[in-house]
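There's a structure below that I have some questions on.
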Amino acid sequence: MIEYSRSTSTDVGAFLEAEGRVAVMPFGALEQHGPHLPLSTDTLQAEALAATIAERISGALIPAMPYGNTWSNDALPGTVSLSADTVTAVCSDIALSLERAGFDLLVVVNGDFGNRLPLHRAAEAAAARGGMPVLVLDYPGLAEIGDAVKETPWAAPGLCHAEEIETSLVLAIAPELVDRERYVAEYPQLPADFGLRQMALAPLSDSGVFGDPRPASAEKGNRILSHVVEESLHVIAAVRASLSAKKPR
Amino acid sequence: MIEYSRSTSTDVGAFLEAEGRVAVMPFGALEQHGPHLPLSTDTLQAEALAATIAERISGALIPAMPYGNTWSNDALPGTVSLSADTVTAVCSDIALSLERAGFDLLVVVNGDFGNRLPLHRAAEAAAARGGMPVLVLDYPGLAEIGDAVKETPWAAPGLCHAEEIETSLVLAIAPELVDRERYVAEYPQLPADFGLRQMALAPLSDSGVFGDPRPASAEKGNRILSHVVEESLHVIAAVRASLSAKKPR
Amino acid sequence: MIEYSRSTSTDVGAFLEAEGRVAVMPFGALEQHGPHLPLSTDTLQAEALAATIAERISGALIPAMPYGNTWSNDALPGTVSLSADTVTAVCSDIALSLERAGFDLLVVVNGDFGNRLPLHRAAEAAAARGGMPVLVLDYPGLAEIGDAVKETPWAAPGLCHAEEIETSLVLAIAPELVDRERYVAEYPQLPADFGLRQMALAPLSDSGVFGDPRPASAEKGNRILSHVVEESLHVIAAVRASLSAKKPR
Amino acid sequence: MIEYSRSTSTDVGAFLEAEGRVAVMPFGALEQHGPHLPLSTDTLQAEALAATIAERISGALIPAMPYGNTWSNDALPGTVSLSADTVTAVCSDIALSLERAGFDLLVVVNGDFGNRLPLHRAAEAAAARGGMPVLVLDYPGLAEIGDAVKETPWAAPGLCHAEEIETSLVLAIAPELVDRERYVAEYPQLPADFGLRQMALAPLSDSGVFGDPRPASAEKGNRILSHVVEESLHVIAAVRASLSAKKPR
Amino acid sequence: MIEYSRSTSTDVGAFLEAEGRVAVMPFGALEQHGPHLPLSTDTLQAEALAATIAERISGALIPAMPYGNTWSNDALPGTVSLSADTVTAVCSDIALSLERAGFDLLVVVNGDFGNRLPLHRAAEAAAARGGMPVLVLDYPGLAEIGDAVKETPWAAPGLCHAEEIETSLVLAIAPELVDRERYVAEYPQLPADFGLRQMALAPLSDSGVFGDPRPASAEKGNRILSHVVEESLHVIAAVRASLSAKKPR
Amino acid sequence: MIEYSRSTSTDVGAFLEAEGRVAVMPFGALEQHGPHLPLSTDTLQAEALAATIAERISGALIPAMPYGNTWSNDALPGTVSLSADTVTAVCSDIALSLERAGFDLLVVVNGDFGNRLPLHRAAEAAAARGGMPVLVLDYPGLAEIGDAVKETPWAAPGLCHAEEIETSLVLAIAPELVDRERYVAEYPQLPADFGLRQMALAPLSDSGVFGDPRPASAEKGNRILSHVVEESLHVIAAVRASLSAKKPR
């Protein structure tokens, strides 16, 4: 495993000779996460997952993208958003650059809901032109482990924002950035079509919280991280198996 | 309910005065569907669903888009594909045109897997600029009714292509276009990462079929259509409730 | 001749082995055509012409595009418009897809004035990159046959909109969609520069009619269709002769 | 009348207070015109016409664009081409800039066949967004005056390239740039579909000439210029009448 | 040396056989230059420099672009501006066209401050794709010769606009276009961050002058031209040396 | 001063009420820096400068962009590059997002040469549309302090890449990432036109070093940082003075 941001060109050259050419990129966001979690919450989570994944697959960890497509939280202080097209462009450019450098696969660990469409669009564009595959991971296994770990209800199926899960994750990764004094539970009354179409989140919750952060703990966060890492590794293993099966043909 | 392609400007003017301003657009594709189903299979299905939905909600049915983003089947004869960006542009232009004409909602009934990302991208763009909402429906309830109806296994979870489900649907909608003599069952050996990332379908199946069309029937097709229509209506009702809740504020 | 939307991939495969690889695409619009003609008037006409042309040249008829660049009628109910750039993109994508599939020529039968510039632009782009030729037909011979057939004057030279010619055409193609009770003649006072520069049509006519539909008949419509088909065939024959002359070189 | 390139900001300020705000822009090209005419032939012609037109209407003459969309002559030495999109962008930007400065109309005097589509596209875009009108003039009346003046046949209907007409025009405008020793007549055997679709010109003529320059004369050139100017003035008068009719409404 | 606009295709063909394939393009602007200098000031200067440079290096002089990116003077009469993107597109298209014609180098003599970013962007894009090099010259040596020649102070370091330097240059190139009666000196009070970030010029000076044109003379203009030509030739010589060094490898 | 990535939405809300609304964004790159410096060298430097600047002006520090436009080093291991257009888009999106949030100024601390054009282009675009000003700082004062501090010669005027200056900076900021065992001095023979036009760096130096890192020290690094910070503060002070002068008008 190699961490690009802390390594030299010489180190990378040696690594690329010796090991599987899989790059792992955390894609985060700078987005409001209530009164108690840092704006970089999504980036921290993606980074933690990506680092462990890169280590487990002896991959190349490249720097976390600290901005994402977060228009849906634009109305709350601290959110700084890229457009969807720019998120796609960043991912496509990096994939092309790695492809030219001889990589076999880019794994994008996506930390923000708003990045899903633009990142998968970049992945599809790569597939449609027959380029190096791009695999976008949106926290595989999160729903299952969430069900297992959470003591409080989901604000909506699959919706984690500044509540027990996200707070547990930041407690596990960067506890010094969690302001426990400010824990607020809010279960916004969601519109009838929540989850059925794209809509802005910011107007729905006064606090920016969707759920209850109070029972969060680092231990829960670590359980969640472990599970998502394992599920991610299964997906990556399947992709690598598929890619190496293709080569001999 | 009004069908734009068969109505005059005068008819539309009267309709828009009287009824809810919801437009329903089928978005299809021109894509290989094995030796026995027509290239317009996706369009026919989307059109049939959209017509029933428009009738049930007294909406305006606008013409079916007969081309989609079908790069993944480009290698087989008969597939004629738009790029993903063009699919997004068609949907965005039509949404804008309807918005200017005073509509409240565009419901897109999507008949092709490859259109999902580009259509949802158009919907998100509309939401991000605060425009008229666009609701993209990808056959809601299909998995459930498929499980209930199918006598043959799925080639992969959720994968319907020229097999029992799709053949039943065309038997229900346009039986004269189904060549029953040519039924072929094929369960391709799918790569380990099928469904985990975007990949071309054409190289995976010799016949272009993914499953077994033989037990298909019009009666099954009608059951599937009914179920998907009902599920679609639930979603649309939720969206309309949400939109009318917003207005008084 | 083969009609893509009603044929299977297998049929297309066989057809492409045996016959000349010319595709014929009707490009229509969804546009106000007065109180008595359907919004799909342009699409119906282009489709009828294209079907006969495809039959006569043993070509491949691909589905009609039911939307076009109709900003000039946006102000009247029922018009749903694409931007000029999107019309160009649809045509260019389809030309590229057919080129990859081995076709020699795409004939676009254009049913709407507003599509002219964007379709010819797509054709020029194909020529400039040395791609498969795209031939755009804008009703060749219409002025001559119009002069021969019309009993009422033109609203302006070459201007047909919901008047005797267009009404005759729809009477010939889809008489059930013509509302004869609502025939209205209107000869708008056109601005001095009509036809000299691009301008919106909708503000010029109260009824949306430009001329007099009353003497229209299916028989006239058929005469017009026949003439335009013959003229189209001459053009296509010239292009094919030119293309086959080029090959041996 | 004011010539922007030779006038100061102060002059323009005074002019815009006093006179009709119509700008006239020659749009030329840098393109092969046989062994005897300069590469700037199209620019010279457009400039001469535009200068007279601007004088006659007391308009503002802005500088000639010396490059155009000339891909069809790219294969012969001296042709330097812009893409069609760039021609559109130049025209659209200038129209917008003049609109902001308070002009009522931009008249584009187009000197090159390849600029037609991209310039009309810019004009249509201006009309579609309700901006300042753009009038593109493609030598109105040229066919008539050509028929009256020419002693040699046309290489094809309406095709003037480095033959009697174009040579006469340059003899009238800039005789020092015509190399009379090098006159060559060539009537290329044109493909059957010449004029029916876009095609490259360069491969068709060995000399780059399409016709016979030998009977050219400055006197003929002046007759042609006069006629095209008069026809252009009629068109402009119609547009201005139409625009001023609109204002009081 | 060959001047494209005055030469024939045949001349260019012969020239390209015999001499170094370097093209020189003046890139100007149409921009307010106070009460006494013509709007084409930047174009005239770039053209004069480019003509001499082309002569000295036996290069091909191609026509001057008479419009540039001059948004910063949009508010004063006579300025007609392209967008930055269009300036980049014009330069990129011409570079590509010359590259296809077999040139080794395009030298762009830039006459307007606003063109710097967009022209260098075109040059960088050419370098990044490994295309024919594009060298953008922004009056090399102007600061030095200005210091030597000027009798009046600079309005700001390196800022020449309608003052002693620019007036001297036009007096040397086209004295008939200078209105000596209207000389006005203005030293605007510049904001504290002038030169540190992009800002509009027009609001800063009532007259549009930045400095004092009164001591201008043709003799000074010629000294400036000579110096900038010599500095430009040094730069070009360095580039050509570098390019020919590369070839044998 | 507030550091967005470590702060909550609530903190930002309070900060924005109380203090000057200036955001500071480090824009870095992931680029080869020889055998001894990390790929994130440019990002580390920009981040260190930006943090101090933000503190000194009580600004909002937003996350560092860890990728830039580094095509010129693409050929060496570890460089991962965005296109120039994507760099512009990231900066423009963030500026727009901050503008909507009520900021007065975005200061971009640029750490990579290749980002200059695209970042200044974003700044110009903001100015041309009259948006929130964007100030791009390219290490102001670096040449002066470099001359004062360096014991070894510059590889070329103003060129710092993995030599004494850059190594000193990383020794001051993140000494644990410097591999002192691998110090290599290389003074590549630069082509005659180095610095005169855009060219790739990677082919010029075997080691990726341009100069001599051996006399580097943290103390020198701190002197350089201090000087560049002070110069940056002068520039920012000038911009803020200018902006507040404008408001009362």
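The first chain written gets the first letter, and so on, giving A, B, C, D, E and F; residue counts start at 1 in each chain.
By definition in this document, a contact is a pair of C-beta atoms (placed from the backbone, for glycine too) under 8 Å apart; a residue touches a chain by one contact, two chains touch by 3 or more.
By chain, UniProt protein names: A, B, C, D, E, F = Creatinine amidohydrolase.
Because the structure is a prediction, the values reported are computed rather than measured.
Just to note, of A-F and A-B, the chains joined by more C-beta pairs in contact are A-F.
Between subunit B (Creatinine amidohydrolase) and subunit F (Creatinine amidohydrolase), the centres computed from C-alpha atoms are 49 Å apart.
A separation of 27 Å divides the Cα centre of subunit A (Creatinine amidohydrolase) from that of subunit F (Creatinine amidohydrolase).
As a whole-number value, the distance joining the C-alpha centres of subunit A (Creatinine amidohydrolase) and subunit B (Creatinine amidohydrolase) reads 30 Å. Counting partner chains per residue, subunit A (Creatinine amidohydrolase) shows two or more touched chains at no residue at all.
Order of chains round the closed ring, starting at subunit C (Creatinine amidohydrolase) and going on to subunit D (Creatinine amidohydrolase), comes out as C, D, E, F, A, B.
Looking at the complex, you find that subunit A (Creatinine amidohydrolase) touches subunit B (Creatinine amidohydrolase) at residues 71-72, 84, 117-118, 120-121, 123-125, 127-128, 133-136, 191-194, 196-200, 235, 237-239, 241-242, 245-246.
Put simply, subunit F (Creatinine amidohydrolase) touches subunit A (Creatinine amidohydrolase) in their complex at residues 4-13, 16, 30, 32-40, 43, 62-67, 74, 76-83, 85-86, 89-90, 93-94, 97-98, 100-101, 177, 179, 182, 208.
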